[in-house]
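Shared chain: chain A. Partners: chain B in the first complex, chain C in the second.
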Partner chain A sequence: MRTAPLKTAPLKTVGVAVLAALVIGTVLLLATGADPLVAYQSIVSGAFGPDGFADTLAYVVPVAGLATALAIPLRAGMVNLGGDGQLVLGAISAVTVGLGTGSAVLALLAGILAGGAYAVLAALCENRFGVPLLVSTLLLSYPAMSLASYLVRFPLKDEGSSLPQTPQLPDGARLPELAALVVVLVVVLVYTVVDARTPAGFEARVTGWNARFAEYAGIDRPRLTVRLLAFSGGTAGLVGAMVAMGFPYRFIDGALITPQYTWIGLLAALLARANPLGTLVAAVFFAALTSGGFAMERATQVPRELTAILQAVLILFLAATSGLLRKRGARV
Partner chain B sequence: MFDLSLISSTLTALTPILFAALGGALCQRAGVFNISLEGTLLVGCFAAVAGSWYTGSAWLGVLTAVVASAAYSLILAVGSVTFGGDAIVIGVAANLLAVGLTSFLIRTVFGTEGAFSDPALDGLEPVLGQSLLVYVSWIAVAAFAVLLYRHPWGLRLRGVGERPLAARALGVSVTKYRYWAIIAAGALCGLGGAQLALGSVTLFAENMTAGRGWIAVVAVMLGRATPIGVLLAALLFGLAEALGFRLQGLGLPQQATDAAPYLVTLVALFLSSRRNRVSVPG
Partner chain C sequence: MSGVSMRGIVKRFPGVLANDHVDLDVGAGEIHALMGENGAGKSTLMSILYGLYRPDSGTVALRGEPVAFGSPSQAIDAGVGMVQQEFALFPQLTVAENVVFGREPTRRGLLDRKAAARAVDELVARHDLRVRPGDRVGDLPVGVRQRVEILKLLYRSADVLILDEPTAVLTPGETDGLFGVLRALAAEGRTVLFVSHKLQEVLAVSDHVTVMRDGKVSAHGPTTDFTPHSLASAMTGREIDLDRVHPAGTPGEPVLELPELTVRAGEIVGIAGVAGNGQNELVSRVTGAAHVPEERGETGSAASASVADNLAVGFHRRRPLSRGGLLRPSEIRKHARAIISRFDVRATERQPMGTLSGGNQQKAILGRELTHDAPLLVVEQPTRGVDVGAIENIHAQLVAYRDAGHGILLISSELTEILALSDRILVMYEGRITAEFGRADADPDRIGLAMAGGAP
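Then we have the complex of A and B:
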């Protein structure tokens, strides 16, 4: 598995991509009969305005959390496509432990362990059985989602409700939104420091630059894979735990999958080429777009999915223009 | 347990995956890693339903799906072949775009959320118990085999995939062959999407492909991008899905059977990689 050498996109390509996304968005808005100016205005005020900013912060936790989780192995050129599975396993484990013990700390630990262990399983599939990580993480993701879905429909179901959801967590096992946000920022900070200042971070970056050279230099790739996936899955599990432990304080089937956090997070990480702070910035931007989409839907009746389209178009143009730059540059 | 209806439900489960996997194999042979199959399949599902709804003919729906998916696949072709962008980034973004776009369109075009179906929506009539597209998929496997091994086009395509510089030196346009491989994969995904939305059922639901495009990506890998290999890999998945349905009837929870095909595929990868390491083209 080889990903292109990672460099951050220059401002000009960002400008072109933003312009392209705005043009395509305008065409779609005009086609639905909405006023593009009003729509864009409501996206911005919904994302950063006084009444929308709290929503944006609520999206920052899963999007930036997942983006960081997936950036960790990406730094070494390894793609973890199993974020969804690690996320829901972390969430369902945290809720199970939270309901049983009433302790937030134990619940968070359970989430980290479940997500991390599951990702390590995928790493072992590559190391021991030669199944590429990209595929092993992806294939393991679906059974994890099925398992969580089963648990929430049968053994852990809230008997008083007709929806597939667990009972609410007791007060002691809940986590305020602000605490979750702080934890995510701490994770980003730790990743930044480890990436820039430790041998482990250096090994990962060298492997990302040139995997064959890294092997030649004596970096133990199987061990690195297991470690990176443990941190990646652990972070994804932690994020799942924190989202489930926040409002409405329960695990709801599909609530972590439908918003596509994993894929938005992965794209943020890919865009920033797994640079820790770059990944955070891209993720916050996508979180703002998502929450702006809800505000736009309230203001103009245009479906909120418009912002998902804008996101994807933006990324496509960024990928294409940065590819063009690479082609023109000295690298082949 | 094993009877005619199992074969029939295997064929139903197999067909969309087989179409997408053939497209993926074609791209792999041309040296393009196509992970946008999931999104392209979803676009095919939506276009099939929209086409059938507005023309009143299921076959025009199929045609719409083929055209729409082929057009959609141009995103990957332009982004990765012409501009040299990272195929993984573009593939993941194209998948996300397909989810957003179809959810947006189902609400703006049909004015409903989640799923669209209507008794008046024309589905594909079964012929001998299966939609015609099921038979088309088998013909497509044979056509792929002939094209790949018995036709100059296939020889050049393989050359483009294996030794692009040598192919270019011999005057074969790498760009042209990769474009056609990607567009053909798009058209095949259109057929797969049409089978899913108008053959198995007659409706469009958000995210209705539910990972089938990803399974196709894995089937290409498992089948080493050969016609028979891909067919067998897709068949394995179809059989696992059909058996899962059967076991559901015997009281096993739906979630257990949902997970089965992925685990079966993983085990098959374990076994096949013992002999020969599976690789991802980069």
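Then we have the complex of A and C:
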């Protein structure tokens, strides 16, 4: 008989993984000639210190937002790999509407609708034409990013600048960072309640546990796919809208893709097995590690890629010790 | 000459002493039955012989030589082969590809398909197993897949063959055929270990029997020293009523009307037939019924989820489990506890479903479906892989459900089960109902003949 899924012994598992990551990180730091204590200290102060905390929060909104967006279908065993496309489409739609109307609310709604509708398109590709969701979401992501690039280089370009970026949003269409953070937390809260306490959330979990069992129980998979993808893409679009409506209040080509929010978010969701609060915790942790990495680079000349290594080691150890990658166990 | 000798085997798992100083001696050329209920330790003992586990203490010897296998591949190299209860086949590959997998004949480093098909053809012909090497395994019914598993052992020229509940999916006729194969293999000097809980089959085919209960050997000796009753009480530690045929029901209004069959309230209609003769298609045409599916782990439940969550499925959109659009966890647990106590499931509602024994999983799933109180219950293979003790309980629950005025469509490849429960028996062969028997004229031989496609 097998025990200890992630739920039952998380603290011990996380402790072992963090310790292992620290040991390996220390070895790497010593090998580059840096002082490990100074480096770690600069990561922590860079992430949570008075100067760095704002940076961390700036990462928390997109990373935790995307992590939650991708966790929603993952709960039912469906993988949305199109986070980048939905994020960018949400951002460019919000900026377009924001520039046109000057209304933050309308801009946010435009972002949600654009991201959600685009993800639903991927869901329909699976339901109608049998294109696996994994493929349809990922492939649809590329034309969305290209469309945004085109818009920001031609029709929506800021004529006063040589960069591929839109003009700044008017004051009424801007969103303070704190408001964005609150919105993300509300989304996580809603996801938590829907997941744990509603029949629809239960059906998503049943599908994630065992898709054949869900089918046997009469759960309509195509309908579930469309709904989950609508919420997933809508959340990704909302996050894109909020990031573009924050400082510097414009859409800059590539600014949402380069930091790899989608992939860090997907890792967080996978690691937490799409558990709502676990996903948030993992996302905040990765956000802190990322902003701490910049601070460490400034303080010690150790490249911030080291934090990417720490992240990778952590994930590997968590996966190994929690049995994340283990197949269903043999019976006694 | 000794084939297999296991002495003083002890194996402990957290909280369980799975094998407690177990001795097992099997001569070469012998068919040896290993009996016991689920959890008695027979799977653990066989897993040790097959190299899946190492014993905490004790010794294993093959043909008099001490061995200690660290993995199944070492056991296979030493000539020990095992057909597990859950088949290890690739559904997308052909029969021949599955059989040669891991020991592929090659020509200049590439798979030699012709040689593979030839080798498999030869084995099929020699052992009369009736399998086409070119068929895709995923398209084959469960019964045929089993034969592919047996072919895999033969292809690897194992001389110690372990078969874990091999007859669960076979017709009486096919079972006789398998027994012929096993006897022939034993006559060639191979050692056959036949893990089973079916008393009649053990008595029919084995030379020696070892019975396990609670991790210990509770009885062993030549098969001729045992009767069905002495075997059953050695397995369970109590007296079991084996030959019980339940009293007939009193049929009322039809609850299911298909062109080929009708089920009335208050009757159990049994569908006898080998797996893959259209039973699945028949079941898929029935709508609006409570349903206990054939594969309880793959279809009927979610192993990683709690018992409470598994039992809530189907009730989760109605009161009292949800109210005002929100689930009520305390009601979900209460609902589970009610099913657990009413159907004697040995588990708590918080336990993951996958940690329950087969019998307890089945009691839980049956309990969930009976609780729907639907006019019609479709139940497939209700006691496959289930302990003798749990079988009694499950049969009694089905009869009680019928007597409460519900109709039951029972699909089972166990003829004894069909005979014990059914008010009417229909035989399915190649997608059609080919024979019908009333309670009075239900003769096992004639039904067995009809299952094999013979005229009734």
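The working rule: the second predicted complex is superposed on the first by the 314 of 332 C-alpha atoms of A that agree within 3 Å, B and C clash if a C-alpha of one lies under 4 Å from a C-alpha of the other, contacts with A are read in each partner's own complex, and residues count from 1 in each chain.
Heads up, the rule we're going with is that a contact is a pair of C-beta atoms (placed from the backbone, for glycine too) under 8 Å apart; a residue touches a chain by one contact, two chains touch by 3 or more.
What you are looking at is a predicted structure, and each value in this text was computed from that prediction instead of being measured.
Of the two partners, chain B and chain C, it is B that touches more residues of chain A.
Of the two partner chains, chain C is the only one touched by A:217; chain B is not.
In the superposition on chain A, A:150 makes contact with chain B only, not with chain C.
Shared-chain residue A:199: touches chain C; no touch with chain B. Of the two partner chains placed around the shared chain by superposition, chain C is the only one that A:209 touches, whereas chain B remains out of contact. The contact surfaces that chain B and chain C form on chain A in the two complexes overlap at residues 1, 3. The touching residues of chain A, counted against chain B in their complex, run 1-4, 28, 31-32, 79, 125, 129-132, 134-136, 138-140, 142-143, 146-147, 149-150, 153-154, 260, 263-264, 266-267, 270-271, 302-303, 305-306, 308-309, 311-313, 315-316, 319-324, 326-327.
Chain contact summary for the complex, chain A toward chain C: residues 1, 3, 5, 196-199, 202-203, 205-206, 209-210, 212-213, 216-218, 328, 330-332. Chain C contributes residues 13-14, 16, 18, 43-44, 52, 291, 293, 298-305, 309, 312-314, 316-317, 322, 325-327, 329, 352, 354-355 to its touches with chain A in the complex.
Those residues of chain B that touch chain A in the shared complex are 75, 78-80, 82-86, 88-90, 92-97, 99-101, 103-104, 107-108, 211, 214, 217-218, 221, 253, 255-256, 258-259, 262-263, 265-266, 269-270, 273-274, 277-280, 282.
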